[in-house]
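Multiple structures follow.
Consider the two complexes below, in which subunit A is the common component and subunit B and subunit C are the respective partners.
Right after this comes the complex of A and B.
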């Protein structure tokens, strides 16, 4: 009961802070000035006194107000193309993410338990890792037969790195006493892998996948923008939310840009929550701390 | 299930002979000898307690007995056969808890039999028996982090005993428990040992623990460690703490052991060891209390 009470309080705080944010944004936007209120004009004067010219400063007044965004949102809400953008981005994120897990977890575990795999695989891995995923976009477009595959590949890449690093770190940090205990109780190597290394690494896999999921959303949107969203599937809406934003920008619909941004925020939040719940379900012993 | 029905398969107890064992860590001129020409026997069916100052090399000896590491020199024999690696013949209960955090009490206890694919109805019955024995029936579905320190140690004892090792090796298993829990654990453990009659090897720095539990006491020198003296603790079993406090024989053993430990500490103290100074102080305080 106490926990529930605390939760509703936290929820109220969260709603309150979002409301305050929206109100400030609305005021700032309607003021049509670079900083929300005249009350802040002293700040502008001060900055100008230091040589900052207001034309170099961000202009909140140029951003559509939340009310205008809401109206724009209402317009696309029943537009199948908008939801198709969600679907396309979501499919790419989950595709890339699941591929990263499927390849990354076994590869990470192999790196952690086998000296040979580590010796051969790790130098290459470490060499490729510092290359940011977006730098892969052009090469990826050339390399993969379809645009769709090249976006999927770039989406996959960074989540893969994150998962592998977490799996290796998690497996290496398992206390040696657990191995000794398992050995002295007669565990074979395969058994130790299944019953010590796997569960011992699971918390790191969960953390790694949560981080990986966040990265996947970042990358997919950028990749959709860069590649022009020109997926052959489904015309413009086949470009996903990233292209939805880009397209709105090109089309001059600033309200829709914000709609796209918020949509990505919501989509990212939902995927993280899903993952968090699944992670908790996988690691019940961590819930008790 | 009735208390006196013990569904335990009979397993021969083992005897371990340590012969001229030395072990160093570090390379070349940085090498430090931790165990030096060490000789002792862990006798069949007895509870042998090793007592020595902190950092003298007791855990190192245990890693050698368990087969996690190999001696640089000398040999360790289990019933005449050299030890080549870890085995369920020699189960180790560690200084800190090594219960698997991802398994419940029940699954932790059954780890060994499951790992070896030896789960039979008798095993489950024995697990049930041990769970009751260590007083954790209500906690079978709890994870280690949900157990108190004392409960964790008891779960670990059960997890070791279900494997019917030929010899149980315990490295300061009750260190860090509060005084009252510790005394309860001594009785629990002594009771488990007395019922099983299995070879046990128990390492401690606590003189009261040593005297209460031991059939034989090995008193160790400071690092590099060797056996300095062996005392037979011929106090009848089953033992109860209350009886031990008033037992003349137990007190005599304690005094004898303290005298040796003290002498040992003075020796290293005169060589200027800080650890030894702490040791002298700690044991002086203990003997004053006794």
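Right after this comes the complex of A and C.
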């Protein structure tokens, strides 16, 4: 995992390609305006022949243009409700995520260490795992007293699965010679756990939590959308970013939808990066490779 | 024929003689003793004919002393039909051949000889009683016939002790049964039963017996099962209603469309991203900008973009699968050992051949990992999409059952979703194993 050298050429190409993407998007979205010109009547006829609406380019024409999105973002940037959505979603994500770590890591380690626990616990775990976490949303709303808890539970659930699977997989991939070496040099069971299993699974715990963090953001958005986002907490725009998107959709301000999407993307990216750095700090021996 | 008298021989002497022969060299003492018990000794004078080709093949001979000329008949296709047999040589092995009742050679004594005779049928019986040792003896016979008598064609007819042995090898059904019995002997199934009964017992106990505060609202396991299996369901959905299967089919159909679309677009994109540096520099930044956006955040945009909700649902399902497939395919191409590509170029492949014969098969393992993830996320986003917008489908069932307070149906929907999702991932895994048998074998060899 050698640190990649800062490559200004690649960066330039990346910026260029994103710019091209934005320009194409802008042109596509603005098709509402320029397609009405007489010069494009052939294009309109063609669209109509394919069964699309001839008012704008199919699909992309329905999306707000990036310039409009930027304007909408500027408006919302100083709105306390928008930042409150960030805070709400972030709190739910971290709540669910930390709960998943606290429960999932010990459970995963127990599954990895003890054959009995594995025999009892793993079949049940495997039985429940194929059910998508979002399918739990209604059941969890019924079960938990507050909506906040039910969203946190669903967020917790998926991060939990990911963490446990990674811990068990990581423990299984430890070279058996390490155990043999430790045992032949007289380690006790506690020593083996502390000095072999724990450091051996740490990289996969880090990977698992980074993946779990990504999924947590996915789930929190969905849970907020489906459950109505705990709107009682922070007014109409204060129920989290998922609710922010949904609310914008219901309110018909499509630019804000895109603002919300990008915000969630940024939030998910930042939290995954933070976690990755923290993970590097926890597993310094991997940096040497 | 002259001198056909059979005289008994002392077992110790016989064992000594047998030990000096090629086929019986490695046989254990007790088995040798049993073979010795069925052997006789006979003397021949120079000029005597032991047997003619075409005569009955009854006994096996071992030369103890003297010389015997052995001539295989032309039909046997021996490379060197003539052979002079001396002390320790074994002949008359036609007695052990399966479809050959008659002698294949003519054996004439050229110098006064002492030979041991063993009846072929009796010898086979003794060998069959100890299949492991018998197998060794028969394969040594096979080696002897090929090497010393230069007759390769007949080996298949060596009356197979080993064939009997192989018939007893575990095969097919037997292997499965063997594994099942091994599994039953391990503590695993019992621990599993304990685990499952704790889970289901806990569900039953908390919800229906103790009726704990929060659990009281939940549908109990007996209610769910009764509803699921009832011909007259209270809430209108059970295994007897056609609607149930309609929801399942609609969901499966959506996932199938999205999955194949994502594979058809994602695999080529991933291959090109991994294959061409330029293409990656240009496209990957955009890809990575869009990827962190949760699929669910796309829901309203998808509804706005696609006028029909059906295509919106498929688009959302497609999107998640697409990212997973493309990314894993790209990683797969990047994981290919550079020296394979160089070797192919050195051997004169052009770009197209390298792509088809190195890049594509080399990235298959990663592609299939990606496809498995892709099926999983397809179901994940399908449920979300169906819950938010959609008609029919299992996600829709779960959501509407919640809004219309049909609680047991929620659980039925969840269980069905889990089962269907599991089956589809298993299908992808099996397809992958089938397409990558070379890799399975590699892994199996590594495990040995």
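The working rule: the second predicted complex is superposed on the first by the 247 of 289 C-alpha atoms of A that agree within 3 Å, B and C clash if a C-alpha of one lies under 4 Å from a C-alpha of the other, contacts with A are read in each partner's own complex, and residues count from 1 in each chain.
Simple rule for what comes next: contacts are C-beta pairs under 8 Å (C-beta built on N, C-alpha and C of every residue); 3 or more make two chains touch, one makes a residue touch a chain.
Note that the coordinates shown come from a computational prediction; the quantities given were computed from them, not determined experimentally.
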First (subunit B), second (subunit C), both or neither touched by A:180: first
Scan A:80 for contacts with subunit B and subunit C and give back first, second, both or neither. neither
After superposition on the shared chain, which partner residues are touched by A:102: those of subunit B (first), subunit C (second), both, or neither? neither
Of the partners subunit B and subunit C, which touch A:191 in the superposed model: first, second, both, neither? first
After the superposition on A, what does A:274 contact: first (subunit B), second (subunit C), both or neither? neither
Check the contacts made with subunit A and report whether subunit B or subunit C touches more of its residues. C
If we overlay the two complexes on their shared chain A, which of subunit B and subunit C does A:46 touch? Say first, second, both or neither. neither
Does the superposition put A:27 against subunit B (first), subunit C (second), both, or neither? neither
The residues of subunit A that touch subunit C in their complex are 10, 13-18, 21, 53, 59-60, 62-63, 115-116, 118-124, 127-139, 141-145, 214, 217-218, 221-222, 225-226, 241-242, 245-246, 248-249, 254, 257-258, 260-262, 264-266, 268-269, 272
Of subunit C, residues touching subunit A in the complex: 187-188, 190-192, 194-196, 198-199, 214-215, 217-218, 281-286, 289-290, 292-301, 303-307, 379-380, 383-384, 387-388, 394-395, 398-399, 401-402, 407, 410-411, 413-415, 417-419, 421-422, 425
Within the complex, subunit B is touched by subunit A residues 175, 177-178, 180-188, 191, 195-196, 199-200, 202, 283-285, 288-289
Touching subunit A in the complex: which residues of subunit B? 66-68, 85-88, 90-92, 94, 96, 98, 100-103, 111-112, 114-116, 143-146, 159, 163
